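First chain written, first letter: the chains are A, B, C and D, and each begins at residue 1.
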């Protein structure tokens, strides 16, 4: 267990190093001058020099990367004229667009993205696993065909299309739900949920389709396994066979896939946030990409990478908890 | 794949999904008769056949775009300002987005360009980008996957890690960043296809690697080694043929997923640029107009949905045909 | 084949008690295919019936049908367990019947228990379903029965998961599960096939004991005459879903009435019979084989380690641990051992599919231990291998002819195809099937393809890794005969690796017995088998079910 | 102004991020008594914005007329007149007693501070504080303000601010009430410039450099209670301020809460539904999008809560007249004839959001616009006339040109407009190849004559409602900057034009100067140096409990200093 955590930690650090190096590399492979981007539209030659120096862009590439890493680990200082701006520990630099510390930008938006993603994930798991089990256990019935069709549909539809349809129906026609606008959970839990229902559904329907497939496949595979036959041969009622012996086997892959899917969910959340105008990290990323706000892009990328790597570690823990054969090592 | 490429990102191709086995049931080599059998099965699969017909039709439409627009007597770029109600924000005059004898599917709000012409030309971009990206992903993915799978532990330690990271990365994010910093002068569809490839090859590489590793340990490969066959010949004659089945399935799944990727990028404004029509970009514009000009939402949205369904159904049929024992939906 | 009487025979000398299992005209049909075509028999309490047959004979289908476990099959006839008609029973009745009166033990110990739950809990669950006992009582019962079937430290082991059990222990646990319910009939479908011979012996003994103790009847399904002969009172021989012969063990084995039974029995390799002289034309004198000048292959101190576990806690496990042996030209060296003994690793080391960690391999007087792959290649023609699984060792996407011709092409043979056809002819395959794919052949034919391919470069040493293990007994005999012929004809040396002591005896001049990576005994085959000195070898030989004692001498 | 500060065309940003039109719908406008400035005080006003809170230092802000929010905290020497209608384009004294006394042919401007002025901490405001505020804005660490002070003040170009450069000699403060500016050239527009936030007083003792914006010392009706960069600004009453010392700002709400970083769609949605605090909400940067116009028009309750206005701004096609083929005036004229302004306007949201432009100067008396249309293209272009001109110029068989534009629609000259131009020119036989540039790159590429594309989409807005800042950077030959930052894209260096500019600059009476600028525009227009496309218009919603919300004509947006939520 300890070894597992240590190894995972090391792997996480390695992955993040690689990711940051890749993203940082993009800074320099790109045709433009980062200082010009940072300085903005109205930027005279004087200011350009100041900006370049302030951001350390006049240094060698490897030094800049080193300072960047330093900033992430222990923080760094940006000197500008009379003042020294200290950017505290996980320092990801300053946004070119808003001159805000990227760390703050991310933290500000984290609650929105977390609310959206986690809520949708729970909903997707409930819907998906339910549908998957149902269609596996009702094989050959109308229910199965219906669920298969719905799953395929959910599978083929981009999240923005689903979101659009949901808006049209629930917001424009039925007028039962508001156009989403983020209300912090701490401020008003009821409004928080009411406003997030549509984004949750849009995001969850897509993921649910995947979970349904995996849960269905897992159930069918488990039901075909020999040990199921053993319990049938010993007179255990079918209901109990499914509940006690098939369910775990069916759900183990769902746990794995959830972690593996996180990268996809993050991507879908980006689209969902853009679609509904929710001020989350995904929207930040889209805006940063449009305006080539490199520090923000780097920050979002690293955050997403961390989330994915951590999710995979959690999935491994979960997998080990479900399946006694798996040893954490 | 509803998501921006769930399969891609997650490594989890929804269909190949659960767990680590990316290839149709490991250890079972589809035997050659299956290939012939696969055709037979595919022909017998009504939904796959219907999907194939639809896919063919769509490809035909894309190819025949100039012919079809000539038939209609319109083109994709001419503005028709007189057909728009300027005082109401530029929505088309008349019901259903200005659908009529002159403009079969109406005109675009804001510009008055012919929707039918833009749809058929947009099909070229959407399908072209998706197919090109799929082909490129296969080339890149197979090369890296084979290197990792056959190149020995050192190569695999590096290549395998790179593949993992590539899969764990939220692809859309990277694609957005890439598209933001690439030179604006290169033709956009080419860039989009390259960007999609750059972020989505991981899946192909992973499947190739896993399959190559599994095939590498087969007795018949050992037998070939004992017969004195050289490594290159072994890779080409003994291993590559064994990759075709899983890769064919994956390629079939990649196409719809790449269509979604293209649409997603265009939706976020990073895809092909307005003078060039593409479905995702039309959908992006249409979300603005969904209340005042619903026809403009329904046409490209519905078409995208049908296209994705057709490709997904077809891919599913291919998978069923090539791997008939699969229990997955 | 003798016609089967409708009325089942009552074993001679037994008081006619009411049968606890009674089967009449049982048929199992999958679509058009009839797996079981009208089988009838009775089984009295406390007795054991062995059902024997080759693969595809329908014996497993028969076993499953007894508890109505088939899904998607059409089962007709009558199966009465303790008087209840299984095929007509309601769901509730069937549930009571299953486990309660007729219990099953399956072939694959790795998958027959739920991997997610503790072994004790699984037994307790089944016990509670049938008795409604409390959780506590059921748990106690589980420990009790586990103890009874000989699981050491049962109360602790009850809390273990199935993957922490060895194959033999899982089978014992399954028997314990049955035991807890005190069924009248235990159906065991190839219960020992996946087990090593010593484990098999202990399990069969356990079954015998339990039968005696509880009076339950046993239906033992097996492909192995030896196993059945040791355990059963009666034998039912099946072929293609039909009963070929049914009678007391002694009768069937000594005086088989059906020709098929006779053939089968003849094909079974005998552990206690010296190898027939026909096998080689020239038996090399042992002293000659041992002389170093003459040896074709000489390995000394050969060692191969595998590293297991995560980087920081890596353990080094030697699979082959200091093996030294020689093979003379034209000699057959048998290598025998239980699973995990390192015999397959040894075979792969010798052909250099694996690189040794230490030690040397000399082939034809040349040290080939560290030769790089490129220099090794010309040597390959002298050193070939026949693999265990004939299907896996043939590329499914290439024609068998291509597979055979490949080594010839590599050697620059101008007319590889013609030579390949000749080879096919030689190993008993129709040369016209040059263009056919492996899946179009039967298991025995595929192994002939494998042999032809190995023979193509005209090797001097053929390493055979369990070449007949996956084959039925009659096919096995044919392949062994083929190898013997080829060996005589081509003056081929063989290194014959197998877990089957009887097979090894039939083919080898000398034999090496391996255990835990080491050779424990090496010597002349008759000496080793008839006067084993090493205690392990003795135990191994003792564990093999003996058939010969019951069968007429050939 | 060189580029629009603070004001964003809402519809444009909306397109870039692509969102969906709001749902629900406005409920009826809340009742309540009519607006009375005497009793308007009280309540909390919510401001919902897309951006604009990136900085709040008076030295770094680039505003027109002091901006909406900054002018609530920073009083300046002069300010815009806070009334609806045409008068709103006039400057009026704020801290000063008058609009300034010019002398030396408008090269020297003298101001006197009014009595009773105090900072929020009660210390009196002196002319030295005003001078210090201006000096700070020269510091390279505090960039972003308008460039005029650098260009106009004597020694302004070399001065590096008070931290390193010491004292700026060209601003004199003979006593605590008087401040005198020495200019290099005559600038009759100085009273307009003095509305900028750089003219706000900053007490030297309280200056914390780049951190000053976090706790600025207020001279206006409100002080900063909380400022989170880019996100939130909370203003509360400044106890040291009273209407007695400020004739312009009504300052009705007790508290103003500004939220930035919202989506245009969300803002319009919240304003139209107006639930809770949103009933007392307003926006200072978000226009109703084209897709919502139909709804606004169809809903009488909503229509009541819409204010329309104009910010002096022109979107145009710019030629580099030194480059082929645009060195030929006939080609430029052909483009002017070919252009389809209706297409362009539809593309950015229709007639509610833009009006066609044939003059470079925007509409309105303040600019002195003289209407002209030398190359009448009608509503949808005159391709025949264009073709004829092209044939004369030797391009009868067609012509291929590159069109440069920024790749976002933020400024209304991006990917929406470019295809409309492309299509119109195609009708005239001109093949346009689109050349999109990244938004940040665009200014750098077009601002340097060496990299400047021959044909590009451009925008020009006013820093104050007068013709001078509109025409000088674009057409003054002495303003051609080769090192970058050039706006005279036509590369026009016409001595007659230069001379006329100098002449008008000496006019200190705006009423006289305006027609002169208008006449100059009409003269220059004959050369077809630019093709004006459209003037944008603002359509903005306000909450149902908001009163006295009008769009001022100086900036084209709500003046928060005047609204009430009581």
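Quick notes on this one:
In this section, contacts are C-beta pairs under 8 Å (C-beta built on N, C-alpha and C of every residue); 3 or more make two chains touch, one makes a residue touch a chain.
Source: prediction; values computed, not measured.
Remark: chain C and chain D have CA centroids separated by 89 Å (rounded to whole angstrom). Centre to centre, using the average C-alpha position, chain B and chain C are separated by 48 Å. For this pair, chain A with chain D, the centres built from the Cα atoms lie 40 Å apart.
For the pair chain A and chain B, the distance between C-alpha centroids works out to 22 Å. Within chain C, contacts with two or more other chains are made by no residue at all. Residue numbers of chain A whose C-beta contacts span two or more other chains: 32, 164, 167, 172, 274-275, 286, 290-292. Touching of two or more other chains is recorded for residues 16-20, 23, 408, 438 of chain D. Taken as a graph of touching chains, this assembly has some other topology, since it is neither a line, a ring, a star nor fully connected. Chains touching one another, given as pairs, are A-B, A-C, A-D, B-C, B-D. Of all residues in chain A, only 32, 36-37, 40-47, 50, 80-83, 85, 97-100, 105, 108, 164, 167, 171-172, 175, 178-179, 181, 274-277, 279, 283, 286-287, 290-292 touch chain D in the complex they form.
Those residues of chain B that touch chain C in the shared complex are 29-33, 218-220, 222-231, 237-238, 241-242. Per the touch definition, chain D reaches chain B in the complex via residues 14-21, 23, 289-295, 297, 340, 342-343, 345-347, 349-353, 379-380, 407-408, 415-416, 418-420, 422-424, 426, 434-438. Those residues of chain C whose C-beta lies close enough to touch chain A in the complex are 67, 69, 94-100, 103-104, 106, 108, 111-117, 122, 125-126, 129-130, 161, 163, 174, 177-178, 181, 309-313. Residues of chain A that touch chain B in their complex: 14-15, 18-19, 23, 26, 29-32, 135, 148, 151-162, 164-165, 167-168, 172, 206-207, 209-210, 212-214, 216-218, 220-221, 224, 252-254, 256-257, 260-268, 270-271, 274-275, 285-286, 289-292, 297, 300-301, 304-305, 308-309, 312.
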